[in-house]
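Both complexes below contain subunit A, partnered by subunit B and then by subunit C.
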Partner chain A sequence: MAKEFWRWKEYNWKSETIDWKDGNTVSCGIDVGSVSSQAVILVDGELYAYSSMRTGSDSPMSATNAMNWALEDTGMTQDNVHYVVGTGYGRVNVPFANKTITEIACHARGANLMYGNTVRTILDMGGQDCKAIRCDEKGKVTNFLMNDKCAAGTGRGMEVFADLLSIPIEDVGELSFQVDEEPPPVSSTCVVFAKTEATGLLREGWPKNKVIAAYCSAMSHRVVTLLQRIGVESDFVITGGIGKNVGIVRRLSQELGFETLKTNYDSQIAGALGAALFGRALAEKARN
Partner chain B sequence: MIDKFVQWEKNRHQYAKDWKARTGGKVMGYFCTYVPEEILYAADILPVRILGSHEPHDVTEAHIFGMYCPFSRDCLAQGLKGRYDYLDGIMIAQSCLHIRQAYTSWTKHIPVDFEYYLPMPNNVQSPHATPYLTEEITQFRKALEKWIGRELTDENIQNGIDIMNENRALMHELYTYKKNDNPPVSGADTMEIAISQQMVDKREHTQALKELLAELSGGKSYSKNSGTRLMVLGSENDDIAFIKMVESVNGTVVADDHCIGTRYFWNNVKPNENLVESIATRYIERPACPSKDWIDRTRIPHILSMAKEFDVKGAIVIQQKFCDPHELDIPAITKALQANDIKTLFLEFDVTVPIGQFKIRVEAFLEMLQEDDLF
Partner chain C sequence: MIANFGYKDGSGDFYISIDTDKCNGCGDCIPACPVGLLQIRENEYDPMADDNMVVVLEEHRKKIKYSCAPCKNEGKDSILPCVKVCLPNAITHSW
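Let's turn to the complex of A and B:
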């Protein structure tokens, strides 16, 4: 079987310093996205464990798998979790969720914790859509825009290009800067057309790093227009899987004229983290 | 009682065919709510508004530009598919080029006994608008008289006015119930009533409305929905599935500014000695379609006043794709609503609404308006 370069690494993590048995409220956020699923477990609002894996064709199973993987080696079971919030495209398919909240609200809430309460604009670059979100100092959404009718500018588009060019998805960003000069962007309106255009460029003799640079550039242009429609106010952050791709992040920063904030958290768990924070608030609300 | 309106809306073509068989009368298809139905009722003709069916297009490409609005193409598709084969006549009052193209293509390809283009003025704010429309309605009256072979007396015209006025007044009464904290009729059911209003004999519709209002005044409620109060405004919208989706995620549509809905019935004819002039005045002064809402944007104070009256918390602003008049107004309307603490969500409509994509937007919008205690 041919190597699939788009396959990003799945992972899980747990805190070595927190003992969940000491906590009052254990909350969980499950983000079942179109491409990836994350489960985040908080103990009294502190990040305790998480997992990130690819979403399968069965959303309830993806949610369960993500949850089980986050719980691995913790000694905790689902029964110990006080409140579960489902988010993402598959949010209604999280069988054990107490409530569902959109990923738009969850990314804003998660980014508020991950990057601090100065965040005002969030770009969530997900698997099959892209959301520009404005929020207040509490992480509550004040406005948002989503890409329409087209998957260009999304994680799935990047995966298609990684496969086409045989570049491991994690290497795409750095490789896209290994060019003498920035090439003109490829078509930015359709992943399929962009792929056709890229195939033509390869035939013309373009090296693959130049082609991937042209696609990163196109993707940046596309999401910049989305951001400009809603108005970008600093501090600005990028969440979702594409937030890890420096080929996009740096180009976007350049086009917008300011840097994105950095964080020690994994940008891909923003949605699930926000959901878990809502879960904590809901658990405490129910208790009072 | 609501079921009666739903059945009318769902079986609109069968209703018109049955009406025709029952009364022996003529049926007139019309394209825009600026058509003075008072004159048609005066002539014992049933006006039936041409609406789309929200199915993917497969017949209009050869007849209408792709960049004309989905609504105009969907309307034409119904004619080309023969779904309005019972019509005796077809007419339009000038509103926008897109729907006019649907009308002209219809007249070219689908033969009927009578066709009429009524040049409704676009500059309704001009002092010449009412005298101009009065004369145009007079010409229309004459054309209709020639077609039906009899004179329309002032008594007939007054009868037409009375039929329309009574029905519009009852719709107003229905909307007063939507000001309640827990409106007894949902937004989706209201849309069923509003659509059926444009195709069922007003006298029957009026009778059904009276029965419904009697139930409501007795405390009956058809809705358990007491979600966030929303207003829907913008281009033509008869997409019941969309409203149902909004209300399934805890929104409640309590008010609207659409030509299916309040813009259709908001004001009545105030008869004077010149009945035709009084009808013309009603259409000149009604809440304007954006194609006619200039030089001043009169819709903005109207929408704001309605939002206040119905205690609206958020507004969903709809634009039929490529609908330039609405698109031009949206920034100004959005700005005015937001300045009055009413948040807005913009959605672009096509023939088929992408419910999944819209659902997340609507849910996120409602979350913006709710749940402050979670932060």
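Let's turn to the complex of A and C:
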């Protein structure tokens, strides 16, 4: 079988130090995105376990799979979870959710915990859409816009390019800097046209690093224009899968003139983490 | 909160923006819109609050350019009917 360069790693994680049996409230957030699904389990607001995997064609199934994978080896079952919040593009497809919340609110809430309460601007670069969010010190949304009409500036576009150029998706960022000089960006933002353009550039003899650099640069420019509509205020962060791609992150910070904050958390779990935090608050609200 | 509903594509920016701090939930804009673009709904962007806000319906969010076209015919300076009836000036648009 041909190597699939776009295929990113699926993974799960579990805390070694927390015993969920000591917790009063166990909440779970499930973020069913267009490309990846995450499940995050919190015990009294502390990160206990999470998983991240591909969504595939069956959203309810992937919600269940993500949940089960996060629960793996924890001794916990779904009955031990007090509150489940579904979020993301496929949030209506989480069969066991107590409530669904829009991913815009969840990303702001999640980023507030992951990066601290100084975060004011969040750019979520997801699999198939891109959201620019402004929030206050409590992680409450104050301004947002979403671009889910086309795949330009999304993870899906990057997957297409990784495959075209036979570069493993995790290496795209670093390789895009291994060029003699920064090439001009590809002129089309549309993924389909950009791919055609890239094929032409390869034929002209451009090395693939240079082509991926031109694409990263076009993608950064595209989302900068989105961000400018809502205005950028520091601290600025990038969540979602593209948050791990230095090729985009560094070019974007340069163009905006804002450094992005770093975190020890996984940038892809922001939505599910926010959902789980809302889940905890809602469970406690219902109890009182 | 300012909620921007719409999109940006190769042909321009098409956003209807609702300022929820100004919107009083009166609903006057709803019958003013000839295509039924707007609806009063629970504020889903703040799950801990119980307030309502005006939203652009999902089915129109990716085609605002066309949905709002009937109100753009009267020249550049014309005011959209939804904007005109909104006393608190909560609705703006990007074109």
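Methods note: the second predicted complex is superposed on the first by the 286 of 288 C-alpha atoms of A that agree within 3 Å, B and C clash if a C-alpha of one lies under 4 Å from a C-alpha of the other, contacts with A are read in each partner's own complex, and residues count from 1 in each chain.
As a convention for this text, a residue touches a chain if its C-beta (ideal position, glycine included) is under 8 Å from a C-beta of that chain, and two chains touch if they have at least 3 such contacts.
What you are looking at is a predicted structure, and each value in this text was computed from that prediction instead of being measured.
Annotation: superposed three-chain arrangement on subunit A; subunit B versus subunit C shows a clash. When the two complexes are overlaid on their common chain A, residue A:Val141 makes contact with subunit B and with subunit C alike. Judged by the touch definition given at the top, the superposed model places A:Leu261 against neither subunit B nor subunit C. Legend: residue contacts after superposition of the two complexes on their common chain; A:Met61 is shown touching neither subunit B nor subunit C. Of the two partner chains, subunit B and subunit C are each touched by A:Phe278. When both complexes are overlaid on chain A, the residue A:Val246 reaches neither subunit B nor subunit C. By the document's definition of touching, neither partner reaches A:Leu202: not subunit B, not subunit C. Of the two partner chains placed by superposition, subunit B and subunit C are both touched by A:Ile104.
On subunit A, the patch touched by subunit B and the patch touched by subunit C overlap at residues 101-102, 104-105, 140-144, 146, 148-149, 278, 281-282, 285.
Contacts from subunit B toward subunit A in the complex involve residues 343, 348, 354, 357, 360-361, 363-364, 367-368, 372-375.
Residues of subunit C touching subunit A in their complex: 1-4, 6-10, 13, 15, 44-48, 62, 94. Chain contact summary for the complex, subunit A toward subunit B: residues 89, 101-105, 109, 138-144, 146, 148-149, 278, 281-282, 285. Here subunit A touches subunit C in the complex through residues 99, 101-102, 104-105, 140-150, 189-190, 225-226, 229-230, 278, 281-282, 285, going by the rule given at the top.
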